[in-house]
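One chain, chain A, appears in both complexes that follow, with chain B as partner in the first and chain C in the second.
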Partner chain A sequence: MRLSRIASLAVAVVLVAACSSGAAPGGAPSGSGGAAKTGADIIIGSPISLTGSTSNEGNLSKQGYDMWLSWINEQGGITVDGVKHKVQIKYEDDQSKPDLSAQLMQKLISEGHAQFILGPYGSPATASDAVIAEKNQIPMVEANGAAEAIFNKGYKYTFGVLSPAKKYLAGVIDMAATLTPKPTTVAILSADDNFSVEVAQGVVDYAPTKGMKVVFDQKYPNGSTDVSSLVAQAKATNPDILMNSGHLAEAIAINKAAKDLGLDAKILAYSVGPSTPQFIKALGKDADYVYDGSQWTPQVKYTPSFYLGEADYVKAYKTMFKTQDDPDYHVAESTAACLALQKAIENASSLDPAKVRDALAKLDVMTFFGQIKFDSRGLNIYKPMVVEQIQNGEHHTVYPPDVADKKPEYPTPPWSQR
Partner chain B sequence: MSLLAQQLVLAVLLGGVYVAVAVGFSLVWGILNIINLSHGAFIVVGAYITWTLFGRFGIDPFLSLPLDALALFVIGYALQRGLINRVIRAPVFFTLLLTFGVNLAIVNLLLAVFTSDFRSVTPSYAGSGLTLGPVVVPYIRLAAFVIAFVVAGLLSLLLARTRVGAAIQAVASDRDAAQLVGIDLRHTYALTYGIGAACAGVAGGLLSTVQAISPTAGDPYTLQAFVIVVLGGLGSVTATVVGGLLFGFIEVFGQAAPGLGAGYANAIAFAVLVVVLVVRPQGLLGR
Partner chain C sequence: MRRRVLGVVAVAAVALFALLPLLSTDQARSAGLPQILDRSQLRELTTISMFVVLTSAWNIIGGLAGYPSFGNVVFFGLGAYATAVLTDPEHGHLPLVVGLLASPLVPAVAAVVIGFPLLRLRGHYFSIATLGISIAFGEVINNLDVLGGATGLFPPIIRNDLLFYYLMFFAAALTVAVTWWITRSRLGYGLVAIRENEEAAAVLGVDTTRYKIIAFVIAAVLTGLAGGIFAQWNSFINRENVFPVDYSVQMILMAVIGGAGSITGPVVGAVGLEALIQLLAGGSGVYTQILLGALLAVTVIFLPRGVIDFVVGRSRLTLAHFRRSLRETSV
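Our next item is the complex of A and B:
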């Protein structure tokens, strides 16, 4: 009897002790380190494709987020009104499914108490997650959904740090206008998903302003397994520039079909695909001379106002992930999203979601990724795309000249003379 | 005019690839009455075997085709014997569910082993072809076409001329009677499924040379195989060949339909399917 009373007393004491110690980190700043005060951790949620069809890109995005996370926590966290807050990122695997991504994002907010969101991978998932951000009035900074359709719906809480879809191949057109002999005709093939159609439309609108005529413009169903018929039709128009706005699989298939059918264009440029090492591995020497538009390359030279410069970023990436590979643009743009969120929180001097949203809307910073500044829709239209070319099995930045490390190898020799 | 000739050549060659994609699917459906939703995954496994042998050991993709067939035969035989045979007499819904599950398992296994990177096999002679005036006949596609017909021919011979083929046909027409005359049902089922998987493996090896592959690339092939078999009709290799060639033509000329644009290629393909189903529900050559 007495024993059990003592035992229950002991349990009560332990419980009270546990509760009070548990409450401490969430309460007033503890201020153990003297001048710098520390506050509760900032919790950021991210539904991202760690498995499924875009697991590759999803994991690269996560690497980009983690790069910033380890850096900011080494600095002691984000400073909000003189108080340092360490950061946690809670991930959920959306299995590359846009619907699941939205569900998991809601879960991160309501059960995981995420105060801010870093975006998922891809335009479809970003589009469905933007709805959740809006509903909960939680700012989402995203780096992997470039379709303008996401930003034309009047959402107030979604911000994208990357250049919009319409600009993806505009850089190639700009570059082509500076080359001699100047190419004058463009054939463009495009997948029929939102993003790809926008990229293609960007070319169709932009090329005539640079004195180039679009002689062939066709869309194929997304996920087509054979596009040789379209390449044959494009060949019949004898274009100077052959472009594809689609995905890696189609870029590989189109490059193969162009060689099969002897389509000798002066410029072969594909929106997505050639920037990945897989493109070169899959095609070997046939990958040479191919151009692509890229959000970022490890060679670009910007003058960032905070965080790391390009060279240090590449070095830090190699150390952190124990690899010889350079970080690709998925990694860099994802880190850039974190930087935008960090700067906005600092500028807002508050963790209030609405205030951070307003600070994001006003943000204008230079980072290693380029300028980050949003238009009224939350889209970063201020950063240029760079043009890459594969030369002797390596990626080189060839345009714009002020950030380029090589000149374009032009014109592309005919397939028969390679 | 030269464009039309080029399109015709492409259509015939592509049709050959589709014959390879569908012939194993047709066999399994016709004989075992299983709509094998893991067919696309088998194709991708074959493609990865070819890719691995080419990348690691420099083995020519066409030389690795027999190995694709053998490996997939073993996998198919074991899967049928150990797993699918348990639901062979269950309603079709169960086999759909089970093969769908097998598909998921294979795809995720491939993702774990090979990651979701896209791969492709590009031998040194890729891209060269026979030039007939303005028309190009790419060697790789030509070879794929020939091999597809060799596979279809061998399968046809196997079914018509050998004891094993006779046993398979007997099981298909009346499984109880077949068992009464001493045919080992389980072995024959597994054999049929294994042969179907082997055909898929060869198709995968061929596809790895013309297209980019990834672990999730298989699903469209399952769908294509389904459409081809419905178009051609169940029950014979010839029907699948006709269905495959027809589908090649639909795909190529669907992308070139005047005034419509390539975006309607799928719509045209399925419109043809609907018309065939209305006019000849058993397929063009179905019994």
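Our next item is the complex of A and C:
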């Protein structure tokens, strides 16, 4: 009896030791794949939210990564200095928790022997993981953390392929400036999470440079759908443009409140929400005329220098995941992160993290997602945000004109005449 | 005899925690010593030490005084923000030492201010009030632009992870030492008296309000210190990672599972549970969380007084004991 108790304590100690001795198998790169000129696998790690509050977006990001993974391995892998290396992506589920994301990223590097990192979902996790990238001097290419603050800290190893948060609704302002009669006043309602606040700040900073005045600028608690009093206050300022930087549920609530209260803006624009099928399902005809800023749409027309074009990408997505849905921008931007990393490795002709990092800093390629080029902070400010509008229950790209498939239907008719 | 063996095991475990991380350094590697720990495992050990601090500190107010705070994370968050606002280059830009010295002070003041009204409440009312306060603080800080607002704060990166491990290990050792001291002091006897019967304690001359506030402040100081170390170690904080309600719940679970009210119980609970959480983390399965939940339920049902009670021999692994446990824990 006595012994068994001591033994159970010993088990507890062993448990700790087991945790520290690393339960994960080493996963060291295996040797050649048989054929000549084939090197060891390149191992890429990604801590991503497969469960928890952002599991939906996390799984979309993983789809984007997996799209590229299957394509690159069909090509025989990444060519480094004449030698082909197949690629493995190791995922760890960070449960949508930023601190766990950092822990798992360290695990991927130390125990999974990840040579490069593809980013997690969301700005808080990306901020935590950027620190790990710095500490380990391992490049991280990320596609799902748009908060600009991450890139203003002098970090050297984090690169974001997506347009920064402040640009999310700037495209709508640009578009509005070209329309007649030109709208002149903007009201914006913003959720209070770091991403949404930056989106709103972008509008407040940018609108005046296009001759528009921000007449209303208020925050509400993230996730709140009780917005009618805020919408009523916004209506009192009689804005030409009503904007929301928030999330799907809030965008739906604001659109409903705008109808109920008769807020007749010429432009209704939301940062997140209208691009998803759920928005149209929830609002039906009331979803028409609504604009949103999007990183990418299936209609955009860029001329990629490698990988697939838009049409082939959409087709490959539908085949691979056996779905009728178009890939949304989370999927596309995640694939774009992989493309940036691939090109940088090829350009560096090396798997050395520091050399690949330098190649990322110098990268300038055109992809189906748009141009990928980083400023000195590691931020892709060269790709424009596109503007989508829902017309007759369908998504169309309406701005910028060179990638658009339709003209904006403007102005939005008053609710009483719809 | 058994106490002696247990003592030896405990000392060995502490020595292991104190010395093993040294082997993870580059110096150790170049000296040809075995590389037992990598950076990931060092990080896991740091997190485990952090939860030893949080759980043992919670034990002072929740276990000894019997006031189950559901909002202790507020002290963690305040400590983290105190340090970060002082060391963030865009704010204070002061050295780490200054930041760490501030991390216990701000939570201490907050504990006095919060404690005066809240420690008059008991049981569920106290729990709910502390939970509310911790959420409210997070919301307020999230909307204060001077504290980085929703973006958060970014203390400069210090690459020496070993330093942060030892800081956290020191904080853990300090917390256990303080708990040990309390249980042998007048304060400790007073707190236990309050837990068992507050009216009786007051009648016997225990200044209950003062004792409770002292316990609350001590818990806040230690929790805040861990928050300060975390902020600098993680180099990024915002509401989401330093005011998570999860942490408040985790502290309580760890203390209860280990054995609330004792010195070693919360330590065993924190080490065991956090090691398990780290072990199960990652992969791509949703089942790990279900498994963890089931394990917690089973432990609480069969070992209501905590694992430590079982280890030192007051509980027994017999059917009769299980039946009694079920009787005690079911309403």
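Assume the second predicted complex is superposed on the first by the 381 of 418 C-alpha atoms of A that agree within 3 Å, B and C clash if a C-alpha of one lies under 4 Å from a C-alpha of the other, contacts with A are read in each partner's own complex, and residues count from 1 in each chain.
In this section, a residue touches a chain if its C-beta (ideal position, glycine included) is under 8 Å from a C-beta of that chain, and two chains touch if they have at least 3 such contacts.
Every value quoted in this text rests on a predicted model; they were computed, and no experiment measured them.
Participant: Contacts for A:V204 in the overlay, against chain B (first) and chain C (second): which applies, first, second, both or neither?
Facilitator: neither
Participant: For A:L100, using the defined touch cut-off, is the partner it touches chain B, chain C, both, or neither? Pick first, second, both or neither.
Facilitator: It touches chain C, and chain B stays clear.
Participant: In the three-chain superposition, say which chain, chain B or chain C, touches more residues of chain A.
Facilitator: The partner with more contacted residues on chain A is C.
Participant: Between chain B (first) and chain C (second), which, if any, makes contact with A:K153: first, second, both or neither?
Facilitator: A:K153 sits against chain C, while chain B stays out of touch.
Participant: Where does A:T51 make contact in the superposed view: on chain B (first), on chain C (second), on both, or on neither?
Facilitator: both
Participant: Is A:I252 touching the first partner chain B, the second partner chain C, both, or neither of them?
Facilitator: After superposition on chain A, A:I252 lies in contact with chain B alone.
Participant: Have a look at where A:D193 lands relative to chain B and chain C in the superposition and call it first, second, both or neither.
Facilitator: The second partner, chain C, only.
Participant: So, does A:K219 touch the first partner chain B, the second partner chain C, both, or neither?
Facilitator: Both partners.
Participant: What residues on chain A does chain C touch that chain B touches too?
Facilitator: 51, 192, 219, 221.
Participant: Once bound in the complex, which stretches of chain B touch chain A?
Facilitator: 2-3, 6-7, 10-11, 14, 17, 108, 111, 115-120, 122, 126-127, 129, 131, 136, 138, 140-141, 210-212, 214, 216-217, 220-221, 224, 251-253, 255-256, 261-263, 265-266
Participant: For the complex, give me every residue of chain C touching chain A.
Facilitator: 2, 5-6, 9, 12-13, 16, 20, 36-41, 43-45, 47-48, 139, 142-143, 149-152, 154, 157, 159, 161, 234-236, 238, 240-241, 244, 246, 268, 271-272, 275-276, 278-279, 281-286, 289, 307, 310-311, 313, 317
Participant: Would you mind writing out the residues of chain A in touch with chain C in their complex?
Facilitator: Within the complex, chain A touches chain C at residues 2, 4-6, 8-10, 12-13, 15-23, 47, 50-51, 91-95, 97-100, 102-104, 106-107, 109-111, 124, 127-128, 130-131, 134-136, 147, 149, 153, 192-194, 196-198, 219, 221.
Participant: Which part of chain A faces chain B closely enough to touch in the complex?
Facilitator: Contacts found on chain A: 51-56, 192, 218-221, 223-230, 232-233, 235-236, 248-250, 252-253, 256, 259-262, 278, 281-284, 286, 415.
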